[in-house]
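These are the structures, in C-alpha cells.
What follows is a pair of complexes built around chain A, which joins chain B in one and chain C in the other.
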Partner chain A sequence: MDYLKGLAAPDRCERLGAGVALSMGCGQIQGAILAGALGLNRRTYSQTYGCQFTLSLSIINTFQRTVLIAHGPVGCGACSVANAGSIKKFKNLRQATNEGLIWVSTNLGESEVINGGENKLRQTILEVDKLFRPEIIIIPVGCVPAIIGDDVESLVAALANQVSAKLVPVHSAGFKSKVMATAYDDVYHGVLKNLTGKLPLEASEQLLDPIEEGRRRLALSRTVNVLNVFSMSYDDERELRRLLEALDLKARFFPEFTDRGDFKTVLDGALNVSLCGTHDDYYLEHVKSLYGQPFITDTLPVGPRNTARWLKLVAGFFGETERAERLIAAEEAALNQVLGPFRQAFLGKKAFLSGGEVRVVATAELLNFLGLTVVGFKGHHLDRFILPAWEQLEVPPQTVFHVATQQPSEQISLINRLKPDLFVGHAGGNNITARQGLPILPLFSNAYGYMGYSGIFEVARRLRRILQNGAFNRNLAKHRPLPYRKAFYDCEADAYLEGPRPLSEGQLTAQNLGQ
Partner chain B sequence: MTTFIDRPRWSCALGGALFTLRALRRAVPIIHASPGCGYNVYMAGNAGAGYLGGGYCGGTAWSSSNVGETEIVFGGVERLKEQIKTTLEVVDGDLYVVLSGCMVELIGDDLEAAVADLAGEFKGPKILAVSTPGFADRRGYDLVMSELFRSFCLKGLEKKAEVINFLGLVPGQDVFYKGNLAELKRMAATIGLKANTFFGDFEDLGVLERASEASLNVVLSDYHGQLAAQTFSEVHGTPYLTLPLPVGAIQSREFLKNLGQAVGLSREVPKRAADLEEDRYYDYLERAADIVNDVDLQRYLIVVADSLYAPAATRFFADELGWIPVLTVVTDDLDDQTRKTVSGRFEGFESQLKPLVKFESSAIKTRAHLNQAWPRVGSQRHQDPLSPAVVVGSVFERELAEGFSYPLLSLSYPVTDQVIFQQARAGYEGGLSLASAALSLVVAGR
Partner chain C sequence: MGCEKVIERPRSVCALGGQQTVVGIKGAAPIVHAGPGCAAKIGEALTGQAGFQGPGPLGGPTIASTNLSESEVVFGGEEKLRQTLEGALKVLKADIFVILTGCVPDIVGDDSLALAADFREAGHNVVAVETGGFKGNGYYGHEEVLSALIKQILIPKAGRNKKARPRNKKIPLINVFSSIPYQNPFWRGDLRAIKELGALLGIHVNLLFGPDSGGLAEWLTVPEADLNVVISPWVGLSAAKLLNEAFGTPWLYWPVPPVGAMESSLFLTSLGHSLGLPQKRIRLATNWGEDRAHQYLEAITEFLTESRNGLPQTFHVVADSAYALGLSKFLVNEMGFTQGLTFLTDDPPEHLRAQIAKPFGEFDGPAISPIFESDGGFMDRELDLALKQDNEAVMLASSWEKSLAKEHGAYLVAVSLPIWDRLVINRHYLGYEGGLNLLEDLYQSVLAKVH
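Let's turn to the complex of A and B:
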C-alpha cells in the first residue's frame, strides 16, 4: 500500500468499497462483501453523525505534549469540549502530566474565506509554538480551508525549520467521505508522513557492548506494538498486557496517549498487532511496505472466541501457540467457574447491538457466551474487516444486520419488532433509544474493561447491574414521546434507503457459482 | 492581536441556532451541511452545557442533509429539498427551520429558494430558512430568533402593557438558562408583569407566535439578544432595553426597580416586591452566618467567565458574600463598543472593590493576568500569596485551579463537571444557589 504521495488518504468508499446504507440478514453479509458495491446506496432521509474531522480528534486529542490547531471556522472541533475535562485523567494513567487537552481554532472568518486562510494559519502555528512549546502541533483541516484551497502542506513545509514542534497536517474535510472511519486514515496519513521514521542510531548505541546489544535485540524480538483505540480503557490495556506477558511478550501501546518519540521507537518492535482492522489497516500496511514491519490485523479481543483467536495469532507469530492454548484453557476455566450465576440471570434475555461493525460483532460473541440471544445489529458501516470477528459468531442467518452510522430513527422499527431486553449502543444516539424504555449497556468505555478475560467478567458484572433495574429509561419512555410521526413507526428500517438491495442468499450463491 | 482562539468557549452560528431550536418545544431543525456539523455541536453543547442532551429530536437524531463531494461540486439544493420533504414525513413538529453549514454557503446553495420552491407542496407547519455559516457570524441565537420574530410571530396584535419578553439568554451557552428564565419570570410576576421567555417551563410555540403582544423586550446580555431585539423592534415596533442578568439580592432589587420604571410602575411596587424577597433571601443566607464567621470563609476571588456572568458574579461575590475580587477575565470575543459597556458593569460596586478586569479569550493567558493582578510581595520569610482563593469559571480553568490548589466552581460554558437541570444562577434563587455552591466547595473537606 502506498497512498502517501497523495495529499490525503482516499475515501474508504473507494479504497475498501465500504457501505453505510444497507439492510440485510446476517446470512447475506459475507456474500454482500464478496459481491462488492456496498457503497452504492444512499439515504433520502438522513441524520447527523461524526465526520472525518470530529472522529480524527478521537486519536489526536490523546497525543501527549501536543497542541491541536483546528483549521477552520470557530465551531470546527467544538466537540472536544466533551473530553476537555476528562482527557488529563486518561493521559495521566499513561504518563504523569498536568497537561489537559489544548486546542486552538484558527477561527476563519469572511475575510479568510475571500483571501485564504494560510496567513492566519501561519501566524497561529508560530504563536502556538512559542506560547505552548508543544512537541507536536497537529492541524486537522476542515471543510472551509479545503474548499477555499488553502495549501496547508506547502505552508507546513515552509515553516518546518522555524518551529520546534513537529507539524502534522491532517486533511479531514467532513464532506470528503460518508464513511466516518476514513478519519483514521486521515490521521495516519499525517502521522506516517510527519512523525513515523527510523530513529538514527545514537553514538551510545553504536558503542554498545556486544552482549548488551544482544540483550537489547532479544528484548525487541519479543516486543509487540498493540495499536490502541479511543474506544478502550486503561483497564483493557492492562488486561492485554497481562495476557501478552504471560507469553513472555512485552506490550507497547500506541498511537493513543503516546508522544512524538514513540512514533519512531515503535518501528523497532517485532510485530504490530491491531485490535480492529477498521481502525488501523492504513497504518499497518504502509509501515509494512515502508519499513518491513510485520503486522497482524484480525479480530478484536472482546469475547472468549475472539480473545482466543487474537491471542493464538499473536502467539503463533512467536512460535508460542501451545503456550497460548494452555493460557486460554486456564483463563476460560477460571471464568467458567464464576459465570454460572450470571448466566442464570441472563437466560432468555435478548440483545440488540449498535455501533462499529467489528465491535458489535465481537461483543455479540461475548453476549452469546454469557447466555444472551442476539436478535439484531446496526453497524456503522460494512466492509471486509468485519469478517474475522464474524467467523467467531453463530447467529441465525435471518438475524437483521442494518448498516447505518448512528441514524437512530432507523432502528426504531427494529427495536419495536424485535423487542430486545437490552440495547448495547455506541455513544451518541441513546437519547432516542432510552425513550424506547430499554436498559442500555454502553458498547465501549474509556473507564471500564471489555477486553480479554477480565473484560468478559467485567461486562457480566455490569450487565447484571444494568438489567437489575431499568427504571430510568422505562420511566422516560412513559413520559417523553419519540419525535416521529405515527406512520413512521410502521416503516421498515430501510424505508429511506435508495439503491440496490443486497442479494438474497440464493442469488448470491448463484452469482458466486457463476464466477 | 491574537490570531487564534485558545479553547473557544462557544461553537458557531449553527451551534447557537441548533441549541436555540432544541430549547423551543416541538421545533425541528433541518441541517444542510456535511454529516459532522450537527454531531460536532451536539457533542459540544451536550457536555458543555451541563449535559443538556439532545432533547426531543436532537443529538444524532437531528435531521441533516449530509452533503458529500458530489453536492460540493454540483450543488446541494436538490438534496436539501429531498431532505426537507422526508423530514416533514418522518419528524412530527410544529415548526421546521432549515439551517446551513459553512460548506453549503461557500458553494452558494440558496436555502430560502429551496424552501420557497416547496412552499406549495406543504400545508401545515411553517418551514423557515436561516443561514448560519460559522465563518460569517457566531450569533446563531440572534439569527434564528430574528427570523422567528420576522416570520413566525403574528403581526398586528394589540400590545399589552403587562406583557414583556426576555431575550439574550442563549440556551446552552448559558448553562443555567432554563432555571434563570424561570426565576426572572417569577420575579417579573412579583411586580405584576407577565414575562415570555420562549424556552421556559410550560411555554410552547404559541407563546412565540404571540410574542408581539409584549410592550417591552428586555435583553439580559450586552451581546446576545441585541440583534434579535433590534429585529423585533423593526418588525413589531416594540421598544427594548438592556437589563443585565441580575445575580443575588442587590442586583435583583436594581433589576426590579429598572424593570418597573421601564413599564411605568410606581417606585413602590418593585420596592415592596424586593423587600419581601429579601426577607426570604436573608432567612436562608443567615444560616451561613455561623460557619462563615466561626472559621473565616471569606475568600479571594478569580472569575473567568463570559460577559453574561463575569460582571454579575464578581459583583455578587464582592457585594453580598464579602469576598475580595482580584482578577476577572471576560472571555467573549466582543467588539469595542460592547467591551466598553461590559467594562462599565464593573463600576460602582457597593463594596467599592474592583478586580483587575481583562478581556481575554485564551485560557492559557489567565495565569499571566493573575501574576499582574497579584504580584509577588513580602519577604522570603513572610510570603503573601493569593490565598485562600476560589476560582469561578469553567472546566477550562481546572488546570489553573489545580496548579494553585484553589477550589473551582464552574459557572460559565463549558460546564462538564455538573449535571444541570432547573438550577438557577440569576435572581434571588440564583444568588442563594450560587452562594450555597461556592460555600459548599469551601466546606467540602469538613
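Let's turn to the complex of A and C:
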C-alpha cells in the first residue's frame, strides 16, 4: 500500500468500497462484501452524525506534549473540548506528568473565506511553538480551508525549519467522506508522513557491548506493538498486557496516548497487532511496505472466542500456539466458575447492538456467551474488516444487519420491530433508545474493561446491574414520547435508503455456491 | 464579528450555535444544511460540554441534516436540502422547521432563504437562517435565529393568528429576551425564575424558550405583548428593536440580569412602572421577595462571621457579559465581595462595548474595567498572576479554569461554557433565589476543599 504521495488519504468509499446505507440479513453479509455490493451510500432522509474531523480528534486528542490547532471556524471540533478534562485523566494513568490538552482554533472568519486562511495559520503555528514548546503541533484541517484552497502542506514544509515542534497536518474536511472512519486514515496519513521513521543509531548504541546488544535484540524479538483505540480503557490495556506477558511477550501500546518519539521507536518491535481492522489497516499496510514490519489485523479481543482467536494468532507468530491454548483453557475455566450466578440473570434476554461494525459483532459473541440472544445489529458502516469477528458468531441468517452511522429514526424502527430487552449502543444514540424504555449498556467506555477475560466478567457484572431495575427508562418512555409522526412508525427502517438494495438472498446464495 | 483572532480554549461555538436556540423552542425542529458532523458537533458542545443538558426533544442525533459531500460542494446542495426538508416534514412531529446553514452552503452560495420561502408559500412553517460558522460566534447565531423568526414568521402572520384565544387585556403580557438557550447552561432555571418574578406582579410572561414556555403558539402571541423586556446587556436588543419597528411594542432594556434580592426588587419595580402597575402591587411583590431572601441570608450569617474557613473576599469572573454583570453586581453590592479580574467572553459588537462595560464602574466597590476577551490563553496567564498574589480568591469561570484552580488551591464555580465537571438540571442564578443558589455553590467549593 502506498497512498503517502497523495495530499490526503483516499475516501474509504473508494478505497474499501465501504457501505453506509444498507439493510440485510446476517446470512447475506459475507456474500455482499465479497461481491462488492454495498449499495449507493445515499438516503432520502438523513440525520446528523460525526464527520471525519470529529473522529480524527479521538486519536489526536490523546497525544502527549502536543498542541492541537483546529484549522477552521471556532465550532469545528468544539464537541471535543471536554477531552481536555477527561483525556488528562487518562493520560495521567499512563504517564504521571503531562499537561492537559492544549486546544487552539484558528477561528476562521469571513475575511479568511475571502482572502485565505494561510496567514492566520502561519502566525498561529509560530506563536504556539514559541509559547508552549510542544513536541508535536497537529493541525486537523476542516471544510472551510479545504474549499477555499489553503495550501497547508506547502505552509508546513516552509515552516518546518523555523519551529522546534514537528508539524503534522491532518486533512479531515467533513464533506470529503461519507464514511466517518476515513478519519483514522487521515490521522495515520499525517503521522506516517511526519512522525514515523527509523531512529538514527545513537553513538552509545553503536558502541554497545555485543552481549548487551544480543539481549536488547532478544527483548525486541518478543516485543509486540498493540495498536490501541479510543473506545477502550486503560483496564483493557492492562488485561491485554497481562495475557501477552503470560506468553512471555512484552506489550507496547500506541498510537493513543503516545508522543513524537514513540512513532519511531515502535518500528523496532517484532510485530504490530491491531485490535480492529477498521481502525488500523492504513497504518499497518504502509509500515509493512515501507519498513517491512509484519502485522496481524484480525478480530477484536472482546468475547471468549474472539479473545482466544486473537491470542492464538499472536502466539502463533512466535511459535507459541500450544502455550496460548493452555492459557486460554485456564482463563476460560476460571471465568466459567465465576459467571455461574450471573448467567441466570441473562437467560432469555434479547439484545440489539449498535455501533462500529467490528465492535458490535465481537460484543454479540460476548453476549451470546453470557446467555443472551442477539436479535439485530446496526453497524456504522460495512466493509471487509467485519469478516474475522463474524466467523466467531452464530446467529440465525435472517437476523437483521442494518448499516447506518447514527440515524436514530432507523434505529427506532428496528427497535420497535425487534422488541429487544436490552440495547447495547455507541455513544450518541443511547438517549434515543432510552426514550423507547429499554435498558442501555454502553458499547464501550474509557473507564471500564470490555476486552479479554476480565472484560467479560466486567461486562457481566455491569449488565446484571443494568438489567436489575430499568425503572428510569421505562418511566421516561411513558412520559416523553419520541418526536415522530404516526406515518413514520408504519415504515421499515430501510424506507429511506436510496437506490437498489444489495443483492437479494437468492442472488447471494447463488453467488456463494459459485453458480 | 468575532473572528479576528486565534482562540486558545474556546468559550463559544460558531454561528451554527443558533441551532440550539431552535432546539430550545418547544416543537421546533432544526434542519441543518451542512457537512455531516456540524450539527452533531454543535449539539455536543452546547449540551454534553455545557453541564450535560441533554439533547432536547428535537435536538441531538434526531437533527435532520443534509450531510453534504463533495458532489454538493461542486454542484450545489439546494436539491439535497429540499429532499431533506420534505423528509423532515413527513417524519418529524414539529410545529416549525428552521433551516440553519453551515460553512459549506454559505460558501458555495445555496439559496436556502428562497427555498424556505417556497415552503412557506405551500403552507408550511419553514424558516431559514444563514449561520455559516465563519460569520460569527454562537451569540451571533442566536440573534440571527431571533431575527429570522420575527421576519419570516411573526411579521407575515401578524393579525392572521385566528387560533389565538382573545387574551385578557387586564393582565399585562411581556416577551422576555434573556438567558440564551444552551449557551447559558442555566437558561432553563433562569427563565423559570423570570416567569416567577412576573407572577409576583401578576403578569403573563412569554419566555419563548424552554420547559416553561409554550412553543410556536406562544411565539405567535409575541406581537400582542405590551412590552418587550431585554434582560441582557446586548443579546436580544436587535430583536426588541425589530419588534418595535414591526408592531410598535415598547421595550425595557435591563442590562444587568437580576441576581439576588436587591437587584430582583429593582427589576420588578422598573418593570411594574413600565407597565403602569399600581405602586402597592409592586411593593407587595418586592417586600415578599426580599423578606423571604433575607430570612435565608440571616441564616448564613453565623457561617459567614464565625467560620474558621478563611472565606474568599475577591472573585474573578470569566463569563459572557450578561452573567458577568449579574453575578458581579450581586456579589459586590449585596454580599460585599471585591471584584477582581473580569473577562467578558461573548465578543459583543464593538459599538456596544462601552455601554456593556459601564455598569461595572458603578458598583459599590472599587470601580473596575472589564476586559473583552475570548482567548483563553490570555486569560489563563492573567489569572495565574492574580492567583499567585491571592489564592483565596474564587473564580466564577468555566471548566477550563479547573487546572488553574487546582494549581493555586483557589476556589472555582463553573458558571460559563464549557462545563464538563458539573451536571446542570434546573439550577439558576437569576431572581431572589438565584443569589442564594450562587452562595450555596460558591461556599460549597470552599467547604469541599477544606474538608
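We take it that the second predicted complex is superposed on the first by the 505 of 515 C-alpha atoms of A that agree within 3 Å, B and C clash if a C-alpha of one lies under 4 Å from a C-alpha of the other, contacts with A are read in each partner's own complex, and residues count from 1 in each chain.
Convention: a contact is a pair of C-beta atoms (placed from the backbone, for glycine too) under 8 Å apart; a residue touches a chain by one contact, two chains touch by 3 or more.
Keep in mind that what you see is a predicted model, and the values were worked out from it rather than measured.
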Answer with clash or fit: chain B and chain C placed together on chain A by superposition. clash
Of the partners chain B and chain C, which touch A:A447 in the superposed model: first, second, both, neither? neither
Partner chain in contact with A:A219 - chain B first, chain C second, else both or neither: neither
With the two complexes superposed on chain A, say which partner A:A158 touches: chain B (first), chain C (second), both, or neither. neither
Is A:F53 touching the first partner chain B, the second partner chain C, both, or neither of them? both
Where on chain A do the contacts with chain B and the contacts with chain C coincide? 44-54, 72-79, 81-82, 84-86, 88, 100, 102-110, 112-113, 120, 123-124, 127, 131, 143-144, 147-148, 173-178, 180, 405-406, 408-409, 428-429, 431-432, 483-485, 487-488, 496
Help me check something: in the complex, which residues belonging to chain C touch chain A? 2-10, 12-17, 29, 32, 35-45, 48-49, 54-55, 57-58, 60-70, 72-73, 83-84, 87-88, 90-94, 102-104, 107-108, 132-138, 377, 399-400, 402-403, 418, 420-421
Would you pull the chain A residues touching chain C in the complex into a rising list? 44-54, 72-79, 81-82, 84-86, 88, 100, 102-113, 120, 123-124, 127, 131, 143-144, 147-148, 173-178, 180, 405-406, 408-409, 428-429, 431-432, 480, 482-485, 487-488, 496
Footprint of chain A on chain B - complex, ascending: 2-8, 10-15, 28, 31, 34-44, 46-48, 53-69, 71-72, 82-83, 86-87, 89-93, 101-103, 106-107, 133-136, 138, 362, 364, 395-396, 398-399, 402-403, 414, 416-417
Touching chain B in the complex: which residues of chain A? 11, 43-54, 69, 72-82, 84-86, 88, 98-100, 102-110, 112-113, 120, 123-124, 127-128, 131-132, 143-144, 147-148, 173-178, 180, 405-409, 428-429, 431-432, 483-485, 487-488, 496
